[in-house]
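What follows is a set of structures to go through.
Next come two complexes, and both contain chain A; in the first it sits with chain B, in the second with chain C.
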Partner chain A sequence: MNIPIQIIILIVYFTLIIFLGILAMKKVKGSEDLLVAGRNLGMMYVSVSIAAEYMGGLGTIGTAEVAFNQGMGVIWYHIASACGLIFFGLGFAHYYRKYNVITVPEYLYFLYDIKTWKAASVLNVFAYWIFTIIQMTAMGSLVASVTGFDLRWSAFICGIGMTIYLLAAGMWSVAFTSVAFMITIGTGIPLAFWWVMNREIPLLVSSGGFSGFAGLANALTAAGLNAEHLLSPYSLGAMAIIGYFLGGVLGIPAAQATINFSFGARNWKVARLAPVLAAILVLPLSIWTGSMGLFARAADLTANPKLALGATLMHINPIIGGIGVAGIFAALVSTVAGILFGAASIMSKDVWQRWLHPGTDDKYLAKWTRLWILIIGVSSAFGAMSLPKILHQAYFVYSIRSALMIAVAFGLWWKAAHPNAAYWSMVVALVGGTMYQFNIPINFQSFFHLHIAVWCGLLSFITFIIISLFSKWTSQTASELPPAASK
Partner chain B sequence: MYTYLFPAFLKLDLIIWGILIAVFVLSTWYINRLPVDAIVKSKAQAIENKKRLGIKIYKI
Partner chain C sequence: MKKINKVNITNEELSIPELNKEDLLLFDKTDKPFLTLYLFIFILGIILTIISI
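Up next is the complex of A and B:
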């Protein structure tokens, strides 16, 4: 049997990552160590970790998918993300860091009241659940393009595999390896891009023997496509760009998995500046992945956009392609583990222990967390078989999460920001966003023609302002304390 | 048939990259000028609201 070199690299790399995870476990002494690394992270670690989180499945496979379909307008995804990171760093990071919070819903409790915290937790679990499905799909599409298995079954098997892995190994073994896969992606993807541009494109007969973007444009034209349009930064249209910006700017300041690293910064100055440095690191990524997505189309490597990046990486020099595949796979494992663990711990710690059964002991809680990992993992694996459009559904998650950020921003900067407004703006964004995205009960999008991020942003913004203006402040509004925190 | 192409999206991305680097340099300069205890003086509006109205504040 002839096993491709890429798969061998993937297996070796993954073994190495698990080994690093086991070594990192020894550094963990308590929950603060686990969740925010003892709040002692330096500038490079924080910024690289934030960037690595962004370079996972969505930033790579998702952007290549969009570029394959619609061209290089996808660069706005990372431009918007960079703006969101700067906005978070300069506008919010020091507040979060000052009050030593661990989660965004916890900070909302600090700003408002317990019902806002509950609503934020439910919104977060829902968002994480959909996010798990998307990431499992991305993982499945990478595995499908490497092994040649059926995409649907690859997504399902990856989902079940991740659930078993997380139940067996726990979060700790994958939480500290972000620097390792950042290095792998940070070298593998640019090298693969360089290889495609200089070595692969001139080999295409339709490129006219030219390398670089000239050869790519020739090959796209020969394939009957409009190269000028596909290589234009405006190929997606204005509404998509506005949507990306709203998703990035409103989504990132409340995106737990991304900003978590900033909570672990050594001091508030590092917490503020690291996201700005991370913005510089993530910006070029869509140039690399998008160009490789377009190459897959020009060279007719696959008919399925989800497989575009994987197909390109399997097509080029096996060692360079293998490093790229391994890096993306490791990033996906870490992201899926993080979000699955995040959702399960909110369900067990916040929903079960703090609200429903305050007396629950830690041993029982651990069982409950595992049960939720199993429930969310298996249901998401089935969900991944529906093969959602990766970036399209990711923006749905960013959009409903924007309600969290709107609540934080108003809470910080507006005198009249009221707890009822925070609560209802989240409920409205969750319900309204879901109805809009999934056409329940009618197709709203054909009527409003708004990007989901614009829709959710407007809904929660308007709800917040109206309810704040019409609600009265009383001393009872924010006085209730959760059982575990009422010292 | 193109013989050389420097696409518009690349130009745009490089310009934005330059702006981001400038923002990073300037914000590093600005934030490092601030005294170490500047964070204590930065006040969140909601916390001020709660103090003013006598609402209990959740201490973490």
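Up next is the complex of A and C:
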């Protein structure tokens, strides 16, 4: 039986990750340990965890896929993401941390009122449940492309495996293993990029013996493609770049899965600076993955853009390719962990403890958190077997994020922000976004030609302004406000 | 004696709780190895990118 070295490296690596998770189990003593690692995460833990979470399926496989189809304009994806992380760190993180909240909806309670918090909880859980399914599908796609296993069962097995892994040690396990993830991603992907550019491209006859982008341009031209366009940083066009920046800047400051780690920071200063450090690590990723995606096209390694990165890594030096595959797999594990945790945190802390059963004690809450990880994880694993369109549904989730961020930003910086406006802007974004995404009852997209995130952002923004301006502050409004949020 | 007690009580009531400096530190001892790792990854990425382009 001839097992590729890449798969052996992947198995060894994942065994190490499980071992680290078992070590982390000893640290969990209550729900705070499980959800926010006892609020004792240091600067570098938080930084690498945020960076690793943000280098998930979309950040690796997704960017290579876009580059394969549309060229190097995809580099703006991570530039925009880095800007979003810096914006979150400098503008929002310390507010979250100072309030000692665990979830974004919980913070919205302090900014607005009870109904806003409930709406945000439902909206967040809905969005992240979908996102968990998407990321488990992406993980299954990678495993299937590397091993040759059936795609549906790969997605299911990966989903179940991730659920078991997270049940073991919660946030501490993610924090521990994120360091291992970053070693693999941070060395494997750039090494693979370097190998492709300097060793593989000159081997292509069509490259004319040149290495780097010069050789890649020759190979793309020989393949009958417009190399000048594909290698241009503006190959996607201005609207796509605007969409990336809107998605990054509007999405990240209220994205529970990404910022969950800031809630677990040792203090508010760590919570504020760590996302900025994470942004530096995230910044160049698309250059590496995009170049490898284009190489897969120039070398005709695959016809399926989703398999471009995996095909390239299986084609190059097996050791470097294996580290690269492990890095991407690690990125996916990290992202699924963050998202699954975000959804379970909201379900247990917000919906269960604060909404439905306020008397739940900490020990009981830890059990409920694990139960919700199990419910969301297993149901998502089954959902992943339906193989949804990854990017298409992911942008729907981003649109939900933008509605939350608008509510948080107005609540922080606009004195006239009214609780009714926050509540209805989220409801309108959810209902309007669903109608737009799934063309209910008519084909809205063919009429408006707007990105789903832009559509939802505009809907919630306009709704928020109008309702705030026309809503009056009554004694009833004041009675529903939490004490800390008196206007 | 009474005066001293009064002053003490007033000071106690008005004084801001002392901040524990350790609670607001950006980095502590546990960060050092990971800071080194972070810098290694960062520098490696820059070098490999530059020599590849």
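Following the convention adopted for this analysis, the second predicted complex is superposed on the first by the 393 of 487 C-alpha atoms of A that agree within 3 Å, B and C clash if a C-alpha of one lies under 4 Å from a C-alpha of the other, contacts with A are read in each partner's own complex, and residues count from 1 in each chain.
Here is the rule we go by: contacts are C-beta pairs under 8 Å (C-beta built on N, C-alpha and C of every residue); 3 or more make two chains touch, one makes a residue touch a chain.
What you are looking at is a predicted structure, and each value in this text was computed from that prediction instead of being measured.
> In the superposed arrangement, which partner chain does A:Lys269 touch: chain B (first), chain C (second), both, or neither?
After superposition on chain A, A:Lys269 lies in contact with both partners, chain B and chain C.
> Tell me which partner A:Ser232 touches in the superposition: chain B (first), chain C (second), both or neither.
The answer is first: A:Ser232 touches chain B but not chain C.
> So, A:Ala217: does it touch chain B (first), chain C (second), both, or neither?
A:Ala217 sits against chain B, while chain C stays out of touch.
> Does chain B (first) or chain C (second) touch A:Ile280, or do both, or does neither?
A:Ile280 contacts both chain B and chain C.
> Output check: A:Pro190 vs chain B and chain C. Expected answer is one of first, second, both, neither. What do you get?
The second partner, chain C, only.
> Given the touch rule stated above, what does A:Gly411 touch, chain B (first), chain C (second), both, or neither?
In the superposition, A:Gly411 touches chain B alone.
> Looking at A:Asn198 after the superposition, I want to know if it touches chain B, chain C, both of them or none. Which is it: first, second, both, neither?
second
> Looking at chain A, which partner touches more of its residues: chain C or chain B?
B
> Name the contact category of A:Met44: first (chain B only), second (chain C only), both, or neither.
Touch partner of A:Met44: chain C, not chain B.
> Enumerate the residues of chain A that count as touching chain B in its complex and touching chain C in the other.
212-213, 267-269, 273, 277, 280, 284, 287
> Within their complex, state which residues of chain A touch chain B.
Its residues touching chain B are 72-73, 75, 79, 82, 86, 89-90, 94-95, 97-101, 106, 109-112, 208, 210, 212-215, 217-218, 227, 231-233, 267-269, 272-273, 276-277, 279-280, 283-284, 287, 411-415, 417, 473, 475, 477-479, 481, 485, 487.
> For chain A, which residues count as touching chain C in their complex?
Residues 42-45, 47-48, 179, 182-183, 186-187, 190-191, 193-194, 197-198, 212-213, 266-270, 273, 277, 280-281, 284, 287-288, 291 of chain A touch chain C in their complex.
> If you look only at chain C, which of its residues touch chain A in the complex?
That would be residues 23-28, 30-31, 34-35, 37-38, 41-42, 44-46, 48-49, 51-53 of chain C.
> What part of chain B is in contact with chain A in the complex they form?
Interface residues on the chain B side: 1-10, 12-13, 16-17, 20-21, 23-24, 27-28, 31-32, 34, 36, 39, 42, 44-50, 53-60.
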